[in-house]
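Next come two complexes, and both contain chain A; in the first it sits with chain B, in the second with chain C.
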Partner chain A sequence: MQKTLVIDYEKCTGCRLCEMVCSVKHEGVNNPLRCRINIAKWETKGLMVPMVCRQCEDAPCIAACPTNARLRDEELGRVIVNYDRCIGCKTCVIACPFGAINWDPYAKKVISCDLCDGEPLCAKFCETGAIRYIDSSTANKSQQREAAEKLYESTKAAAEAVR
Partner chain B sequence: MKVIVLGNGVAGNTAASTIRQLDKQADITIISEDTFPEYTACALPHYISGEHSRRRLFLRTKKDYAAEKIRTILGQKVTAIQPERKEITLDGKSLSYDKLIIATGSRPVVPPIPGVNLAGVFTLKTPGDADKIIEGIGKAAVLIGSGPIGVETAIALRKRGLEVYLIEFLDRIMPKIFDEKPSLMLRGILEEKGIHVFTGERVNSILGSARVEGVVTDNRQIVCDEVVMGVGVRPNVELAKQAGITIGSLGGIAVDRQMKTNFEDIYACGDCVQTRDIATGKETLCLLWHNAKREGLIAGSNCAGIPKTYLGSETITSLDVYGTHAASFGRIEAEPNQEEKVTVSERVTGNGYYRLIISGGKVVGAQSLGNAQDMGAMLYALIKRESLSKINQIIESKPLPMNPLYHRAARYLALQSIKE
Partner chain C sequence: MALNRKIAYIDLTTGKIETKPISVKMRKIFIGGRGLDAYLMYNHIKPGVDALSPDNVAFISAGLLVGTLASASARTHVAAKSPLTGYFGSTNMGGFFAPELRFAGFDHLVIKGKAAKPSYLWIHNGEIEIRNASKIWGKGVRDTQEALREELGDKDIKALTIGIAGEKMVRYANVMTEIKNAGGRTGMGAVLGSKNLKAIAVRGTMDIKIAHPMEALEYDKKIISQVTAAKVSQEQGRLGTLFIWGATNSQGLVRARNFQLNQLEESDAIEPEEFEKHSFGMTGCYGCQVHCRGKYIIPDGEYKGIYDEGPEYTSIGAWAAEPDCRDITTVLAANHLVNDYGMDTIETGSMIAWAMELYEKGILTEKDTGGLDLSFGNKEAVIEMIHRIARRQGLGDILAEGPLRAAKKIGKDSIKYQIHVKGMSNLQSDERPTPSLALGVATASRGSDHLRSRPAIDLYHLPEPVLRQIYSQPAPYEGPLTSEYTDYEGKSWMVFWQEQCYMAVDSLGICKYHTIFLGPNFPNFQEWSKLIYYNTGLEMSPLDIWDAARRATTLERMFNIREGLTRKDDWLVDRYFDEPTKLGIPIIRGRTIDRDKLHKMIDEYYGFGGWDENGVPKPESLKKMGIDKEPTHLL
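Our next item is the complex of A and B:
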C-alpha cells in the first residue's frame, strides 16, 4: 500500500515546524536553507503554501539529469539521488515544475524530499494536519466528501426552490 | 524479437533498457565504435578539473549489461545497413535484425583553421579526449567557442591553475542561450577568477611545428600548450544516408513522433535525429542529453510494441559558474531571425537575476542567474503554452487552487505587473 504526502493548504498556518524538523533530521541543524519542504508565504494575502517533492512517476527531474543520478525507488514510491553520480549542474532544479528541489549551499548538493525513509517527520509534527502521509489511492477522500456535501446541499436547495 | 541498437550513448542505452523492461525475451545487442561503456559527456569538465574521478564518468559496467541481458559489441564499426534485407554489415559479416535503432550520436565540428591538425589541438566529446586534455596540460590553454562546453572546460582548466583564454567569435559569451546582460554578468565572474575572455574575435590560425605553440586571432597572438575547440556538433548520419534513410533539412535523421524513420522497422533517437521543438513545433537540432534520453525511451517503447509519442525537444541549459547557477530555456531575446516580436521582463532580487521573454502574452523563454528554483514553473508555462493572463487568473482566483507552482513563480517573477 503506497503512501503519499498530501497537503491541505488551507490548514497551513505557516509555523514552519515542518521545515525545522526536516533540516534537523537530515542535516543536524535547524536551517531553512537546508530543508526539503518549504513554505511559500504571502503574508498580506494570508496564503501559506507548503511546497514539497511530488515523487512523480514520470519525473521530469529524472529525465533531465545528465548523469542518471536521479532514480525512482519503487519500494517507497520516491525519487532518490545517487550522489556518486551527481555533478551539481542543477538541471533538476529548473526541470521540476514545483520548484521542489533545493540547492543546499553548505553541503553543495541538491536536496529534495526522500519521505524520511518511510516515516516523514513533517507529517508527524504538523499540528494542524496540513501535511498527512496517507494511502495514495484514497488520498482524495476528504475532498470527495467536501465536494459531495456541497453537491448535496445545492441539489437539495434547488429541489426546494422548484417545489 | 531481435533488436540491434547502433550507438552506445544515452539514447541507445535508454532504448535498449526500455525494450528490456517491456520485453523479457527480446534479443538485444548494442553495437558501437566506442570502446568505452556508456558514459556521460556532461561530466567530462568535472573530470578535467579533478573534481570527479574517471570512474564516475561511466554509467554502466559489464555487470549491468549482463544483469539486463543486453549484449554489447564495442570497438567495432558497422559499415552498412541494408533495410530491404533487414541486415547490417559488421566486420565483413552480415547480422540480421527484426528492429533496428540508430543512435549514432553526433561528432564535434572541427573548423577549418590552419594548424587545426597539430598535436595538442582537441575537441571534447569522449573520456579519451578528456584524458588527452589532462595529459596536455601545460602553462596555458586556449578555448575556441564559448558555449556551455567551452565555458565549463575553461573553468575546469583554470581550476587546475592554467592561464586560460576563452575566445568567442560573436559579441558575447554563450550567445545562443544568454542575452547581453546575463552574459556580461557571467563574463564578469569568469574574469574575476582570472580567465581571459575575448569576444567579437576570431582565431585565424594555430601555430606550431609538430605540436601547438600558440594561436593568432584578429587582435592578438597567444602562447599556449593546448587548444580545445567547442564550436558545435554535427549529427552522425552517413550510415543512415547511405542506406536510403531520409535525412531532414537540418541534417538530422527524419523521424515521426514515434521516432520511426521512413523504414517500418528502423527507429532513430538521440543526437543523430532531427526533431520538433515542444513549444514552437519548429524543426530543430536540439542535441541535448535529456532530449536524447527521452527519445531513446520513446523509440524503445514503440519498438517493443507499446505506443508512445515524443512531444518535442526542450532547449534547456543549466551550468554552475563558480557557484552561480546559470540557467536558460526556450529562446532568448536576441534571436538571429527576428520573426516574432517579444517583450522582456527582468528582475533583480537578493537571490539572483531573472529574465522572462514574452511573446503574444506567453512565456517563450527565460534566463536565470542565481536561485533558479522557480524556473520550473515557467518552463511548464512555456511547454503548455499557457498565457500569462490565464496564469494571473489562476493566481488571483479564490479559493486557493491546487496549483501552487504558479503562486511560487509569481512571487519571484512579478507577474502581477504583466497584464496582457
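Our next item is the complex of A and C:
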C-alpha cells in the first residue's frame, strides 16, 4: 500500500505548525525558508493553502534535472534527491508546477518533501485534518462522499422546486 | 539559537539606532517578553512623563519561546506608560508578528522620541530602517499591511500597525497585526500615534536554533495533546471565546445595559451557535492547534461581503449585551470596524454603553449627541458611535478620552455610572458574585483587567485537593483554599498565584489558553521548565520561573507606585458594593461585594507580594528578589 499526503485546505487554520516541525526535524532549526512545506496565505480572504511536493508519478522535476539527481523511490512513492549528483542548478525549483521545491540558502541545496521516510511529521502534528497521510488508492474517498452528498442535496432541491 | 536575539534602541527624533545582545543572566532574571519589558519600562521611562509626549517610550517584544516548539508561543508584548490610565500600559497579542520579529533577529525594540513626519520601521534580518509613511498614514489596519507588502515587495511581511484611532490618539487605540490580532487595553496604539509611528514591518529568514530538536518535537506533541484533549479547547476551536459568553450569560455573570443587569435575557438570536452559522472555518496563531478565531463574511447590511475574524466574548458583550441589541450583523460589523480602526472592543463598548445610560438618565441629551438617539437597543447608534469615537467627531471626541477624562468633561454625576478601575473600563463580565474575580479586577497592574490575575477556574467548583495540587506549587502554600466561588476565603492566594502564572506565560510568549486559565489540567511551571530547556538549552526550575515572574510583577507595581498609584486605586466602583445583582441562577442573584471582606483580601494579597499595607513593595522584599537597586540600566 502506497500512502500520500492529502491536503484539505478548507480545514487549514494557517497556523504553520507543519512548517515549524518540518524545519526542526530536518534542520534542527526553525526557519520558514528551510522547511519542505509552506502555507500560502491570503489574509484578507481567510484563505490558507498548505503547499507541498505531490510526489508526481511523471514528475517535471525529474524530467528537468540535467544530472539525473532526482529519482523516484517506488517503495514510498516519493521523489528523492541524490545529493552526490545534484549540482544545485535549481532547474527543478523552476520546473515544479506547485512551487513545492525550496532552495535552502544556508545549506545551499534544493529541498522538497521526503515524507519523513514514511512518517511525515506535518500530518502527525496537524490535528485539524488539513494534512493527512493516507492510502493513495482511498485518498479521494471522503471527498467523493462529500461531493455525492452535495449532488444528492441539489438534485433533491431541484426535484422539490419542480414540484 | 533562541537566546541570541537582540534588543534594538530606536530614537525616532534623531534617527539613531543601536542594537545590543541580551545576556543569559538577564534572561534568567526576567525571562523575556512582558517580564523583561517590565524591567525596561522601569529603567527607561522617566517618572511623570506625559504618555502622549515624545518622552514616553514604547517597548515591543517577543517572548522567550516564540518561534520554538512550545505550543502556542506566538505572543507579542507591547508596553509604554498608558495614556488611558497614566500607569503601567501593556498589551499582549497573538498572531504571527512576534515569530517574524525573531526570524528577523530581534526580541526587544525600545522606541523613543517622535518622528518629524509619519514613519514606519522596516526590520529585516538584523537591519532596521526608519521609512516615510506619508503614503500609508490615514489607512485602516488591513490596507496599511497590504500597502506595506506592496511597497516593500514581499507578500510574507508581517506588520504591527495602528489604525485611524491610533493616529487620532484615541486613548484606547490598539496596536494590531493581521486582520484581527488586537493589542488592546491601555492605548498602546495612541502612544505609537503620538510618535508618528504608523507601523513596524518585519520579515526574517534567520534560523531559530532549537537546543534539543528531537526532545522538543516529542514534548511539544505531548503538550499539544494535553491542551487539545480538553473539552474547553475543543469548544474554543469550534466557537472561539464566544463559548464563554454562552456559558456565563446563562448563569448571570455578564454585564448588560451598562452594568444595570448581569444577564442578557431573550438572547437566542445572539447565542454562539448563531454565529457559528456564519463562520466558514477557524483560524489560529502561529503553531497553535486550538485555533480559536472564526472566519466569517458579514451577511448583510452596509458592510455586507467583508471578511473578518472573531467575534469574541467581548464582541457580544460590547455590541449586544451592553447596548442591549440582539443583532448578529451589528456584532459582526462592529467587530470589523474596531479591528480596522484599531480600537479596543472592551473600552469602546463600555464608553458607548455608559453614554447610553447617561442618555437614559437625561445626563446626555440629543443636543450633546448631535441629534443621535442613544437609547439602549439602538443598533445603528452603536455603529455610528464607533465611527465618531475613532474619528474623534462630536461626542465621540469626548468618549475617545476614556472613562475619567470623559466623565470630567461631561460632568454632573456621570462618573457614578462609570464601571472602571484605575481609569480603564471593566470587561463585560459581572464579578459581584465572585470575590476572587473581583479582587483580580481591582488589583490588576494595568487597570481593570481579567488577563492579569483572574482565577477563572474558580467558577468550576473544583474539589479542594485539586485546587491544592494546582495552587501549592512551585511556591509552597498551606493556607485555605475553597471550592465555592462566592466565598472570600483563600481567594487572595489564587489571585496572587495566577498573577505569577500569567506573568510567566506573557514572558515566555505563550497563550493563556495553554495554561491554567480555562482548563485546570493545562501546562504550567513544571512543563515550562522543560519547554525552556528543550528549546533554548536554558536551565530554569519551576521555582526559578516563579521567581522571575515575581520580580517582573513587582517592577510593574513599582512603576505604578512611582506614577502615584495608591491603595485606593486598587478598588472597585460603588456599584459593586451597593447594587445587588438582579438576574441569573439563584446562587448568583442578590450578590454584592463586601467592602470589609475585599479590604481583607487586598491585605492578604499585598502580604503575599511582600508589600506593605499601602501596597508598596517593602525594601526587604525587593532585596530578597534582587531588585532593590533598580533602576540598574543594564539594558
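Here is the rule we go by: the second predicted complex is superposed on the first by the 163 of 163 C-alpha atoms of A that agree within 3 Å, B and C clash if a C-alpha of one lies under 4 Å from a C-alpha of the other, contacts with A are read in each partner's own complex, and residues count from 1 in each chain.
By our rule, a contact is a pair of C-beta atoms (placed from the backbone, for glycine too) under 8 Å apart; a residue touches a chain by one contact, two chains touch by 3 or more.
Computed from a predicted model, the values in this text were never measured in an experiment.
J.: Applying the touch criterion given at the start, work out whether A:Glu10 contacts chain B, chain C, both or neither, answering first, second, both or neither.
T.: So A:Glu10 meets both chain B and chain C here.
J.: If you stack the two complexes on chain A, which partner ends up touching A:Met51: first (chain B), second (chain C), both, or neither?
T.: Only chain B; A:Met51 stays clear of chain C.
J.: After lining up the shared chain so the two structures overlap, which partner does A:Glu43 touch, if you call chain B first and chain C second: first, second, both or neither?
T.: In the superposed model, A:Glu43 contacts chain C only, not chain B.
J.: Would you check which partner chain A:Lys25 touches, where first means chain B only, second means chain C only, and both and neither mean what they say?
T.: So A:Lys25 only meets chain C here.
J.: Between chain B (first) and chain C (second), which, if any, makes contact with A:Glu75: first, second, both or neither?
T.: Touch partners of A:Glu75: none, neither chain B nor chain C.
J.: A:Thr67 contacts which: chain B (first), chain C (second), both, neither?
T.: Only chain B is touched by A:Thr67; chain C is not.
J.: So in the superposed three-chain picture, is A:Asn102 touching just chain B, just chain C, both, or none of them (first/second/both/neither)?
T.: In the superposition, A:Asn102 touches chain B alone.
J.: Taking the superposition as given, does A:Gly88 touch the first partner, chain B, the second, chain C, both, or neither?
T.: A:Gly88: touches chain B, not chain C.
J.: Identify the overlap between the chain B-contacting and the chain C-contacting residues of chain A.
T.: After superposing on chain A, chain A residues 10 contact both chain B and chain C.
J.: For a test of understanding, state which residues of chain C touch chain A in their complex under the given definition.
T.: That would be residues 67-69, 96, 103, 142, 145-146, 156, 178-179, 205-210, 213, 216-217, 220-221, 224, 228, 280-289, 291, 295, 307, 309 of chain C.
J.: Which residues of chain A touch chain B in their complex?
T.: 9-10, 40, 42, 47, 49, 51, 60, 63-68, 84-85, 87-91, 93-99, 101-103
J.: Would you tell me which residues of chain B are touching chain A in their complex?
T.: 10, 40, 42-43, 46, 52, 56, 59, 289-290, 293-294, 316, 318-320, 325, 327, 329, 368, 371-377, 379-380, 399-400, 402, 404-405, 407-409, 411
J.: Where on chain A is chain C touching in the complex?
T.: 10-11, 13-17, 20-21, 24-25, 27-34, 43-46, 48, 105-106, 121, 124-128
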